[in-house]
Each structure stands twice: as C-alpha cells, then as structure tokens.
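In the two complexes below, chain A is the common chain; its partner is chain B in one and chain C in the other.
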Partner chain A sequence: MSLAATKNGNALILGLKGRLDQDNCDEFRDALAPHLDSAGRDRLAIVLDLSQLEYVSSAGLRCFMLAVKQAKTYDGRIVVAALQPMVAEIFQISRFDLLLEVFASVSAAVNAVSSLPPDTPTSPA
Partner chain B sequence: MERSGTLNRFRIGAAILLAAFVVLFASEPPVITSLRHAVFDAYQRMFPLARVNEPVVIVAIDEKSLAAFGQWPWPRTRMADLVKKINAYDPAVIGFDIMFSEPDQYSVSAFASHIPGISPELVEKLKSQPSGDRQFAQALREGKAVLAMTALEDPNPRGGPPPRVAPVRVLAETPLPFKRLKSVLLSLPELDQAAAGRGFISEDAEDGIVRRAPLFARIGKAGAVDDAIALSLGMEMLRVASGSGVSIRDLNGGALEVKIEEITFPAQDNGSIWLRHSKHDNDRFVSAVDVVMGKLPHEKLAGKLVLVGMAGSGLLDLKTTALHESVPGVEIHAQLIEQLMAGVHLQRPGAATMIELLLMLSSGGLLIWLVPKMRVQRALLMFVAISVTLVAIGISAFLWQGMLIDVAWPAIGATWILVGMLAASLAVSDQQRRIMSEQAARIGGELMAAQRIQMGLLPNPAILFGSETRFAVAATLEPARRVGGDFYDCFMVDDNRLFFVIADVSGKGLAAALFMASAKSHIKSALLMNAHDVSAALTEAQAELGRENPEQMFVTVFAAILDVGSGRLDYVSAGHDTPFVRKPGHPVSRLQPAAGPPLCVIDGFVYRGDTHQMVAGEWLFIMTDGVVDATNKRGEFFGAKRLEKLLNNTQAASKPADIVNIVKAQVHTFADGAEPADDLTLLSVRWA
Partner chain C sequence: MVVRFWGTRGSIPVALTSADIRDKIVQALLKASGRSFASAEEACTFTREELPFSVNKTFGGHTPCVEFDLGGDEYYVCDMGSGARPFGAHLLARQHGRPATVNIFMSHVHWDHIMGFPFFGPAYVPGTKIRIYGCHDVLEHAFRLQQAPPCFPVAFDQMAANMEFVQLAPGKKQNVGAVSVTPGLQLHSGDSYGYRFEIGGKSVVYSTDSEHKLDDVDETRRIADFFRGADIVIFDAMYALADAISVKADWGHSSNIVGVELCQMALAKHLVLFHHEPANSDATLERLLMETRRFEELTRKGPMLTVSSSYDGMEIEL
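The block that comes next holds the complex of A and B.
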C-alpha cells in the first residue's frame, strides 16, 4: 500500500486506497513508519485521507490503533477525514471514532489540526 | 536452515563433478579430441573461406589430357614438353605433386635393345640420343621448379644421399617439436639437381580428414650433420617463388611465427598449420592438354604458382577436407598457399585448452551458484543463455581471431552440472514437501486439539438452561478456521440474574483463540467481582487484559445482565454491534449503539451501560461480524439489511434456538461454499 503524502501547514496528509485488512496491514504500517518519524520530528499532525478507502476490517482497525499508539509515544496526533459511508459506519459501530477524531473532509481536518499550537498534546475525547 | 544445508551439500557434489570433468578434459582422451574436431569442422562448414585471390593454378593431368596424350605415366619427353609450355607462360614457380623416382621407361635408349631384329648400330645410335629424363631435367632447369619428396615411415630402401634443403633460420630457445621424417624418397638425381627446390608431401589426416597441413619436418638423424629442417611442397614453392629464405620464430606457448619475405603467419609449434578450408573450385584447375596446345591466355599462368598434379579419375588421390568434401590432393596444397597469401590465419593457441577450461569452470560454477536459487524454468533459460554464449564465443574466436576454441566440452560440462543440480533441487524440494506435509499433519492435529479445548470453553445453553421456563437462550459458534477469536458465554450471576456476553477478538486463528480464552476468563472473573455492574466489569476486564497483551489485540464485546424476574436488561457494548430486539407484534429494532471502543483500544476507558426493559415474549438477537460480513462467491456481503429482513420474517418461530438455526442456515446458503470471512457467532435470548 502506497501512501500519497502532501503537506499542508501543520498537517501531513496521507491518502489510503482500496481496502485495509489482515493482508495489507503490515504493508500499511511499513509505509506509515517514515511519515510517523517525519511528523514526530517536524511536529506535524497526520491527517489520514480515507476518501479512497473502501473497506476496513477489524484487523485494519487494529492497524489504525497501532498507529495511534505509536504516534502517542511522541505526543503526536492522527485524525481521519472524508470517510466513505461504509467505513464511517464501521468507525461508528466500533467506536473507533473515540480513538481517532473523524472529520467530514480533509480541509476540515487540516483546519482543526492547524488551529492548535503544534506542541499542544492532544487526547481523544 | 535445512534447505540451504542440503543444497550446499549438493553444490559441493556438483563442484566435485565439475572438477572431475575438468581433470578428464585436461587429460585429453580420444573422445575429447574427436568431438573437438567435429566442432572445428562445424565452424569450417558454417563459414567456408571465400576465395579472394588466385595465386595458384593447378595444371591437371586430367581425363581430357589422358585422352589426348595416352596413358599415365607419360614419357618424360612429354613432361619436358609440358614444362616448357608452362614456362612459356612465365609462372613464378612450378611445383610437382607427382614423384619422378624411377628412370623413364619410354626413353628410346631404354627400350631400343628390346626391339627384335634391330641392328646393333641402330641401338648404339638410339642410345646416344638424349634420354627423356635429360630433356625433362633441361626443361626444369629453364624455369623454377620444385619437386616433391615423399615422406616415408621407414628407412628408404633405395638409399641415396640426403636431400638438399633450403636454409631455414630458426629463432627458438628450445628445439621445436617438429615431426621427424624417417626418410624421404627423392626424384631421380638427374631431375633433383635440375630443380630449384624440393618439398615433402606427407599424409597428415586424422580420422581420414585433412584439417592441418604440414609446413616443416625434420629429416636426417637427430644431432647428426644431416639433421635439417625440410619444407613441405607448398612452403617450398612459396620460398622458391619469393627467392628468399624462411625464418621461424618461436612465440612460445605452442605458437610459431613464420616469415617468407613479406608473408608472415602463425603456425603450430609442431610444424603444421590449421587449414582454413575453401570449397572445391574447378576454376583452380586447367587441363594439361590445354597448356600444351597453348589454348590459355598468357595471364592465366603468368606470375602464378603453378602446381602440376593428378586429376584423372583413375589416378585420383582424393582427400577429405574439414568441409567434408572430397577434393584432389593437389588442391589441398593450393588451398594452403591461397590461405597464406590471403593473410587468413587459423591457429589453436597453446592457451586454447586453458580458455576452454575457464569457460567450463565459469559456466559450471555459475550454474552451481545460481540454479539452487532459481525456479526450474529460469534455470533452463539460463542454461540456454550460457550455451548460446559459448557457441557465440566459439564462432567469434573462429571468425575474427582465427582461433579454434572448442566450446562443446564446456557446454557438455555445463549440461552435466545442470542435470545434477536440477536433480538435487528436485530431491530437496521432494524432501521438503514431505517434511511440510508431516508438519501440516502435526499442526493440524494440534489445531484439532485446540479446537476441542476452545469449544469446550463455550457453555451449551440447551443443557445449562434446559429446564428454565423464565427465559430461553441459544447460541452457536463456527470458527472461520479451526480455531477462532469469537466467543460467547452465559451463566446465572445469582438466582434471578442471567449474564450473557458475545465477543469478537481482532484477527483470526491461533493468536485470536489464545486472546479469546484470556478475555473470556477475565470478563467472567471481573463480572463475578462486580456482580451488579456489567459496565464496571468491562472496565475492570480491560485493565486486566491490557496488562498481558503483547500483540496489542483488541476485542469487541457486548455484555448484558437480564433480571429474569423483571425483564430489566442492563447492557454495555465495547465497540460491538448492538443486538436486534423484537417485541411480540412489532418489527425488529436495535438497542442504543455502543458506548465505548473495543477492550484494549483506549487504555483506562471507563465504560457506561444502558438499560432496556424487555416485555414478555420479547427476544434479543446478537451476532459477530461473521454474519453481515459473510460473502458469497460473487463477492457480495450478507449485510445488515438482509439479516434484519430475515429476523422480521421469523415471527412464528420465536424460540431462540430456531432463530439461531435459521440465521445460521441462511448464512450458509448465501455463502454457498465460499470461504467464511470471519468466525460466525450467534446468540439469542428470550424473556418469559
């Protein structure tokens, strides 16, 4: 899984595509690792753009959880944006929206993370 | 690693095979030589030399000449006439591929005394006539003639003085390994003295095929005064034509550099040269009768090296060349001279065997190194590439370097190695397959045991609550694999309160199964310690689970306590879908969605529950992802809507066991044999 990365102010926007499940979880984590490093170094918040993500399984949710736990080690912040209906439902039912802040659009997410001073520690709801 | 260890053993075996092959090759048994010659012949046949010059003309004693002048041998007077006629064309030299060792039988003086009734005066008169041999010698003396001397395998029975030889300058630190001729048969002394030179003719064919031509040989006794170097007929003709001497320089490593005036060429140090054959060409030949009759234009023979030889079919001495053509022997001499004068060289350098050994070692070594790492198809492809490269090397060396390199044996060596390595790889994969199937069987057996244990952890509500009238419970669990991460549980907390739970661990298989067992027991013990508060029990269970969760797994849970007296349902959902409920006479609806994330997602999360008041006859149905995520072979999901519709249609069958069975059967029918996406767990509870 390749992550399309763009930088916008305090936000590092990473686009996910297709499915996230047991089969490509490790791949996703490998692709994410360098971005977590650079986000930690430059004090950026990571915005995961899920507009192209069609499905996420429970193994996929675990991937998100691991990423959040890793980001927390340096007080980093990960949010998700532009969820497709099915993925949004999965986040809602599993209450992963309590773990990762969910934004309707990437721009909303970028605005939200940019309005905070970069070194403000964040915690989920 | 088992595989690489075994393969390395095979690699060592193949390396030993290769080494043995190299030793065999280096010792050059006859089988090596014959195949090598076949390869060299193949080069020649693929690229026969095109004639670019015509320095030689063969005056052939052919059928036409025999018809005109009668049987062979001709009287020497006829030969004298032929030589005179040739000399009239001003050739550079005339060489004879014919022996004149005996006196002329047809000389008038020779047979005069045999004529019956002839007068003694006449005999004397005839005998005083110059003999045919003398006339022939005279003719030879008028031009530059080179006579043949035949190399003999035995001492010359006729004796005679050693031949006169041309001066040959040799620059060599050690004696050159030239062939020593036991003896040579010369022409009549009278003719020999008239000749400008004499060159030996000898058979130099292997397996009946002429591939090399002799240039030099030693004659006389080794170390004696008559020990000398003789030139072959073609060489001697070149020397006489050039009017200079011959020098030989030892280049060491098996090669010589030979120089006759401005012609320089390489030769083998045994005094021979590899022939680069051109095809038989009738244009090389003219008929002796046409020469005698003066029918040829002057320039046909002017300045040429003229070879006189036999071509009449009854007299023919035929030789087979590397082109597998039979040609008159005299044409071989012509081909040699043409090759030397055209500057076309062919040699087998002393380093050739070394080069071939290197080719064999490198191609064999490459295969030994790479074949074990490759799929069979790739290995074969690489072998083909190596073979093509070898052939290309052989042909390029032949065409552009004039070098004879035998690529057949390196290719055969590589073939042996390939076959050996492939056989080894096959043996290894066969062994691995066996080991893997044994492992699979063992793991399968262990998984079966794990499955039995996991299933044993799950209560059977039909037995537990078989006699219960206040409520009914039914549940089922089907792991997607042998073992899974789903579980359910149900037990009476006290006389009036039924606890039930359904849960889904992230992931599948053994890891999920182990986490499931741990989660189930933590939830149960937390519940028993917080008997009145199912939410507090989950908060507590999460804290316990989080302490021993190295794989960072999580589990979605729906847990509830039903007061079987009042119908009050206290429930909490940790990231799990909430149940469908159905009151009698109503369509299904769903309970409030989950309050918190799955256990072990957010450390320290405090779960809060909700309450639902059940009515008599109301039932509840809860499941794991295995239902809505079930897919058929077209990739469609079973989905929540299909489930809701199904539950709405089960009005009559309101017993939990029926609901569970119907949903399970419908999911199976839908999936129609497609591999289950996830563990499938169903639980249904009815109050009163």
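The block that comes next holds the complex of A and C.
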C-alpha cells in the first residue's frame, strides 16, 4: 500500500495503489495519519484517488469510514474519486456509495471540495 | 440429510400485507401479458419458470428455526423462533402418534429465538423427549420466564413433554444422537454461540446473531477456522456492510459481504444468507442475493462459493 500525495488548491489528493484489506489496514492508517494532521492544520479537504486501487475488502472499507470520521472531528472532509469498475461495484454492493462521498473523477472531486477550477494543474505536496 | 428452514427472519416475525399480495398478482398478470393457461399445472409451470422468486414466492417471516432432518424419530433443530410452530406441526404429522426425541440447540435466548417454544406442539405431547442444549447458564430461566405470568397463560411446567436442559461448553465437541456438535462463542449482546455440526461426513455451521469486528485479525482467523471447509454455512447477513459497521455497529449482526469473505477464507462450499432484516421486502432480499453472488464472483480466488438466501420452507439436501 502506497500513498502518493499531491496538492491542488484546497485539496490534498492522495493516490492509493494496490490492494487494501485486513493485511495492510494498519499500514494504510499509519500512512494516512500525517496527511490527516496536515489537512487539518492547513484546512485542506482530502481526495482519495482510487484509480490505482485494485481491490478493497470490508476491512479496507472500514479504514475509509474511520478516516472520514476522524476528519469530521476537525470539520474536515474526505471524499473518494475515480474508482475502478470492480471497486465501484464493491462500494455499491456494500452500500459504501451511500456512506461516503464518491466522485467519478479526481477533477470532479477537487472541483467539489475546492474553490479552484477542476483543470488546475496539480503539484507535489 | 435435509436442512430445512422453518424461520429465517431476524428480530421479529413479519407477514406479507394485502398490498404486497396485490403487487405480486399485478406483476404476475403483467408478465403473463394476456396469455391463457389450459390447466393449473400449466399456470404453475409459468410461475415457476418465468416469474422471479420475489413475485412467485416469499422469503417468509418466521424468526429462526432450522431443522436437520436425518429421518427417524429423533429430530435436530437450531433455535425456537416463531418457525418452531410450523416445525412442530410437521413433526407431529410425521410421527403419527409415535413418540419423538427433539434435540434443540440454542444460539442464545433473545426473544426472537425462543418465542416459538410456547407454540411448539410436541412440547404438549406426553412421551415426547425434548433436550434443550446451549452454553448460556440462563437457558432454562429464559424458557421458563417467557411462559411465566403475566406473559403467557400456560406455564412451562404445564407442558407434558419430558424436558431437559443440557449445558454445553464452547469449543468442546460433543456427540448428541447421530450428530457431533461443537459450539463457538460469537459477538452479540449477552453472547451468542454458533454450532458446527458434523453429520455423516458432512459439516454444517449455524452462525446467527454474530457481529464480526473487521480490525480483529485473530478473531477473524478463529471464525474462519470454525467455518473451515464446511459444506454449508448459515450466516447472519442482516445488514448492509456500510450499516453494520457504522450506524448499526455493536448491534450484534453482520453482512452479506463479511459472510462471503469469511467463507472464502475458510474454503466453505455453500453460504446461506440468514436472519433477514424484517424491514426488507422480498424484492430487496432477492436483490441482495444477486449482489452477494456478484460480490463472490468479483472476489473469487479459489473454488466457487455457492451463495443462497434462506427462505421459510427452503430445503437443502446434503
């Protein structure tokens, strides 16, 4: 599990790659923690870019839910974007598409959480 | 052996309403689209082959009661939900006055799992032997309490059958008649217990009213070991995953998604969704079954896991 971070206006975009399941949930949470801190400090919304996420299990979905809950403690916002078809189906079957904010693309997510236009080039965070 | 489901609903019995019946008839008529049928048999064939389950039938509304039919005069059943009433009628009709022995395995003593016992006909028949097995030390107290005044007019001691309560120990395999049974502790308010039955070379796990915490790796492995290689796993799939781990966390129930994941991990052969949410319609339950099969297909790494959704009256031959 790797998390690539880029910043776009008011959004911190975190790209997940690989699989997220019970075996690497802790690793994901550890990797996410500093980003949650910085997003809280800098008043940034987090966009989880799932375009490279191949699979997510129930335990992985729970990680997303916990992250969203944590962000809410500082009035923060986490959304997910660009789900691969299989991951999108898992979101739908598990009803996580009703629990989390899901966007078709990263640009749509950035547009929703940021005042900047969606096509603004991204830069490393 | 036949696994026969007498009650598959969770929490409280439900019944189809007149509006539900009307909607099914309307859908059937629309599907028939003006066709005529020469006989009742022909019409039955149409309903069976051309109508979806949710139009042709119903999942039913009795609370948990599942029988393992091995033939003969000795019966094996899990839980005494409201499905125990039709089960009792079936048993008496089959026995034709011959005395029966009924072995009842209790997951726990919450109301929906004991409410059928006062209406269990064989309990009123002299000569019937009823053995109630469970791991809770309040087992007998709960059965007596629900029939104590002012809750019910017939006291437990007024029932004519020969009753015995038998304490089981979690994790300890025990032979009961023709079956070997191992109880397993589950997460539920006041605890619940699943049962793994070994019957004539086949294994069936009855696991209802059980919540699974997704962050507890050791517990996940323990449950998967309990399910290991089972021919059938009857699984509490009451909620959608998103509900089960958020607004309904700690309510003591699980989801279809976790059922598939645990059965895949355990290399179980057949997952049977059970303990249906009372608010779910037949159409909703049918959709959940289709989605669960799709999830199994999406996540399959080894052999295919058969997925079914239980309904009152369903039979599975093993």
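Please note the rule applied: the second predicted complex is superposed on the first by the 114 of 125 C-alpha atoms of A that agree within 3 Å, B and C clash if a C-alpha of one lies under 4 Å from a C-alpha of the other, contacts with A are read in each partner's own complex, and residues count from 1 in each chain.
The definition used in the following text is that contacts are C-beta pairs under 8 Å (C-beta built on N, C-alpha and C of every residue); 3 or more make two chains touch, one makes a residue touch a chain.
Computed from a prediction, not measured in an experiment: that's the story for all the values here.
After superposition onto chain A, the partners chain B and chain C occupy overlapping space and clash. Of the two partner chains, both chain B and chain C are touched by A:96. In the superposed model, A:4 lies in contact with neither chain B nor chain C.
When the two structures are aligned on the shared chain, A:104 is found in touch with neither chain B nor chain C. By the touch criterion defined above, A:33 reaches neither chain B nor chain C. The superposed model built on chain A shows that, among 25-33, 79-87 or 151-159, the segment of chain C colliding with chain B is 79-87. Common to the chain B and chain C contact sets on chain A are residues 22, 57-59, 61-62, 65, 92-96, 98-99.
Every residue of chain B that touches chain A in the complex is listed here, in rising order: 504, 506-508, 552-554, 556, 574-577, 593-598, 601-602, 605, 625, 629, 678. The touching residues of chain C, when paired with chain A in their complex, are 214-215, 217, 220, 240-243, 245-246, 255-258, 261, 291-292, 294-295, 298-299.
By the touch rule above, chain A contacts chain C in their complex via residues 22, 25, 55, 57-59, 61-62, 65, 86, 89-90, 92-96, 98-99.
Interface residues of chain A, counted against chain B in their complex, comprise 22, 57-59, 61-62, 65-66, 69, 92-96, 98-99, 124.
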